[in-house]
């Protein structure tokens, strides 16, 4: 038997590692992967809450998040391919045609 | 769970060991059978030197695999190169663990099944595990750092991902009729009529997709030897190659088992005689049906030519997937009308 | 089986029309002769968006909840549906000129535009967080793609990439916020959340803190979407790189929709912790206004300048937001309606002058255009005056109501900062007008033809800006009524 | 049993996430994420979410991440060269992460520390998920179809190499060389010519060029 907070803290850690990856990673594919990790962290929180509340909706939310993640991945990877075609690099620091 | 945990683990381990032994032997002899049958189709004799009628040929092959030198290409990604065949074989073996091959029997006084793990969403488990198989192929091709492997793995990966969709959709029809994802219940639901009859279209789609999923002729583009050497495992040798080989045949067995369970009524068949026979007859029927599918694989290999890659993809996406979707739709409509 | 009664369909009629026409556009793109597809697509999209605009009237005649209390048609929904679909109509018209100039005319563009609008309209009508999340993603993903639509232009793809990465990052925060709301209250229906937050089921006294944290996370996510500081970093680059009509669209539709759900979530669901998130809004408002205006002063690229100005405008909206009452809501609504009209109008002129490959987007290129192209230049000046907040334009009353709402809520400091910022903003808007009428051109830019579509855009935007500037009462009354209705 | 399983698979998830963070080559990051997803699937099972657990494997690990791996392979993504702004990003990243983590963990421990989770405490049947999907969640379910349409359209629009109006390459030659076709590209949202047409030159790399780059050039 485990307190719910263990699952939630794990989910928070995953989420935060994703946030960190978003800032640290230099190539756009890895940045995107970090975002996926964040979504996974959220999914764990949803399922944990669903279990604790004895409510099925948390499960459904995860389902929808996956659907969204799939659509996002298709578009995101297409964008990455288009960028690499135009720029020949994956490094996010080289994405500097426009000054920030 | 009436069974104590210790006994449960013991029984599971025993079943795993038996399954592994049977499976490995089976795979070796499927390979022999394949060579023999294809040889007969092509009016040749096939292996006949090692043992009577070549019966010891698998053993000879095994020894050869073990004794050959392990070669790792210098420019390979070492870790991934090593992992790829392991992923393939592990995934293939794990998938078979939820396949039930018969009814219930007693071991150590506890009721148990002809199945390693009896889980209530077995079909979902199978699909899940099978969807991971693509990593083995993709990583093998990429980590070998060779263009033939690379192209082979790209082809294999995209082919598997594409046909998985049709495969999954084809299984939905029977699942809708049976109302369960539990493989045992799906079999039970077929006691009156095998689903191959109401779901014949789904069966055809499944069979086609299964050939593509296991990268067998006529969809063996990933290892089209005329174009790509040996495809994604060009750079593999010795035991690592054997693992890919093993995975391919185990996958064949798995998809044949699923076809049997979902479409051919599983272990249903005439059951008679003393209790011991009544216990084992279903298993026999099951094996017979699986054997039929395995024979079909070999038969097709001996007779059909290979598809062209674009035909393969167009066929999958523009024909099989829409057909499977339509089948799901029609099944749903018919079910709701009948209700 | 009355799972889906007929009136549910009337309530989502605009969305159905838009989605249906989007699907038709895809079919047209698949068949038909190559040469005419784009043109045909444009007309179909125009028809679809106009019909959807009409469908909002039908929707408005059928108020109530739909689909297990996930969607609600009230004045608020209808108001934003008009604003958003109106913006889409204008952007479709605008693209009919822009895309052929860039040799990019394809039906998918219009399809994505319509699908994006489906997302936004669902967003403003949804009263359930997961539904909001999904529609937010529909609108975001189609905007990501539209931003990168000129996919051979490195700037366009780069803009798309930045928008995508930061947008998805923000969405993840928003989602975590949803998870926490769900965990604290056991529901994600906004009105149920409001009820449940009074008697939380999980964590006892801690539920308030969890809700507050959830609010903060959702604030990050939505702050990105409305480009409020400090989450505005993507805005200038994305606005600069995206095709000009898309930039106009992005600054209008998604922004209005994001503000709409911002209002709904914070005013309805998280009402109980209002005293706490008030400060987040307060700080973000000040930061957005100051940062946006100061940075806009330094820009020479018109699109970048408008991008920073849109950050500043998000700041003004947040000022009204901080007012924490029905006046605040109606001020936000009125401001957004005016802002959408004037901003799309401004981007329409920019896209009109941009020419092939968007060569002319610098303020210097606008020198002397006032006399060579009097009509577009006059309209641009009008929109800029409205953005400043000159009387007789919609922008004036927008600002007036915002400041009044803030003053009524005793936010004197915030109001003073907002007024000072408005004065500061006048500089960079007026600079463009100065260039238009008082400078000699260094290079004669090619004459873009005044097409029918562009004229319609100008007429529509000017009419709305003037209308809101002269007769603001009807719109404001409608907004106040819907605000009261929403809070009930 | 439950605590042991939680710590084993939670540990795997954690290790995978950390590995994701420290690995510099995208392919290893992607595979670490697959490991995280697998471990999470087991945790979902522990929490009684059977359907989600397997969907996690099928959709996330088996489809989405495969797409990632494919793109990484196609783009030949390798360790990126270090750049100036990395340091700045890390300077922002560490505190943001730490702050967020401490905040969240603190809240969770305080708010949910006493809520127990036990195996079999709550089991979500697949059938129940289906029921909810088509009753309570009908609208979101239908709306996701628009989402998918947007995703497919967008991916094809951005990534598919369009045949120009007049100069379409003869299809047969490309096919014969074993180059993926449009259909595959659409399926995977990868450029059809990425391997065959040497469209993508790898990013400038200091070390010796790996064989994939050559493979890309030789496909035709």
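The first chain written gets the first letter, and so on, giving A, B, C and D; residue counts start at 1 in each chain.
By definition in this document, a residue touches a chain if its C-beta (ideal position, glycine included) is under 8 Å from a C-beta of that chain, and two chains touch if they have at least 3 such contacts.
Just so you know, these numbers come straight off a predicted model, no measurement behind them.
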Hop count on the shortest chain-contact route linking chain B and chain C comes to 2
Per the C-alpha centroid definition, the whole-Å distance linking chain A and chain D comes out as 8
In whole angstrom, the CA-centroid distance of chain A from chain C equals 25
Rounded to the nearest Å, the gap between Cα centres of chain B and chain D is 26
Per the C-alpha centroid definition, the whole-Å distance linking chain A and chain B comes out as 33
Residues in chain C with touches to at least two other chains are numbered 130, 134, 137, 141, 144-145, 148, 151, 157, 160, 183, 202
Residue numbers in chain B touching two or more further chains are none
Going by residue number, chain D touches two or more other chains at 51, 63, 74, 104, 111-112, 115, 136-137, 140, 144, 147, 150-151, 154, 156-158
Among line, ring, star, complete and other, the chain contact graph is other
So, in the complex, the side of chain A touching chain C is made of residues 8, 15, 18, 22, 28, 31-32, 35, 38-39, 41-42, 45-46, 48-49, 52-53, 55, 57-58, 60-61, 64-65, 67-68, 71-72, 75-76, 78-80, 82-83, 85-87, 92, 95, 97-98, 100
Listed in rising order, chain C residues that touch chain A in their complex are 130, 133-134, 137, 141, 144-145, 148, 151-155, 157-162, 164-165, 168-169, 172, 175-176, 178-180, 182-183, 186-188, 201-202, 233, 236-237, 240-241, 304
Listed in rising order, the residues of chain D that touch chain B in the complex are 27, 31, 34, 50-51, 54, 57-58, 61-63, 66, 69-70, 73-74, 126-127, 171, 175, 178, 180-181, 183-184, 186-188, 195, 210-212, 214-215, 218-219
Listed in rising order, the residues of chain D that touch chain C in the complex are 103-104, 107, 110-112, 115, 135-140, 143-144, 146-147, 149-151, 153-154, 156-158, 165
Listed in rising order, chain D residues that touch chain A in their complex are 2-3, 6, 10, 13-14, 17-18, 20-21, 26, 29-30, 33, 36-37, 40, 43-44, 47-49, 51-52, 55-56, 59-60, 63-65, 67-68, 71-72, 74-75, 77, 80-86, 89-90, 92-94, 96-97, 100-101, 104-105, 108-109, 111-118, 121-122, 124, 128-129, 132-133, 136-137, 140, 144, 147-148, 150-152, 154-159, 189-191, 194, 199-201, 203-204
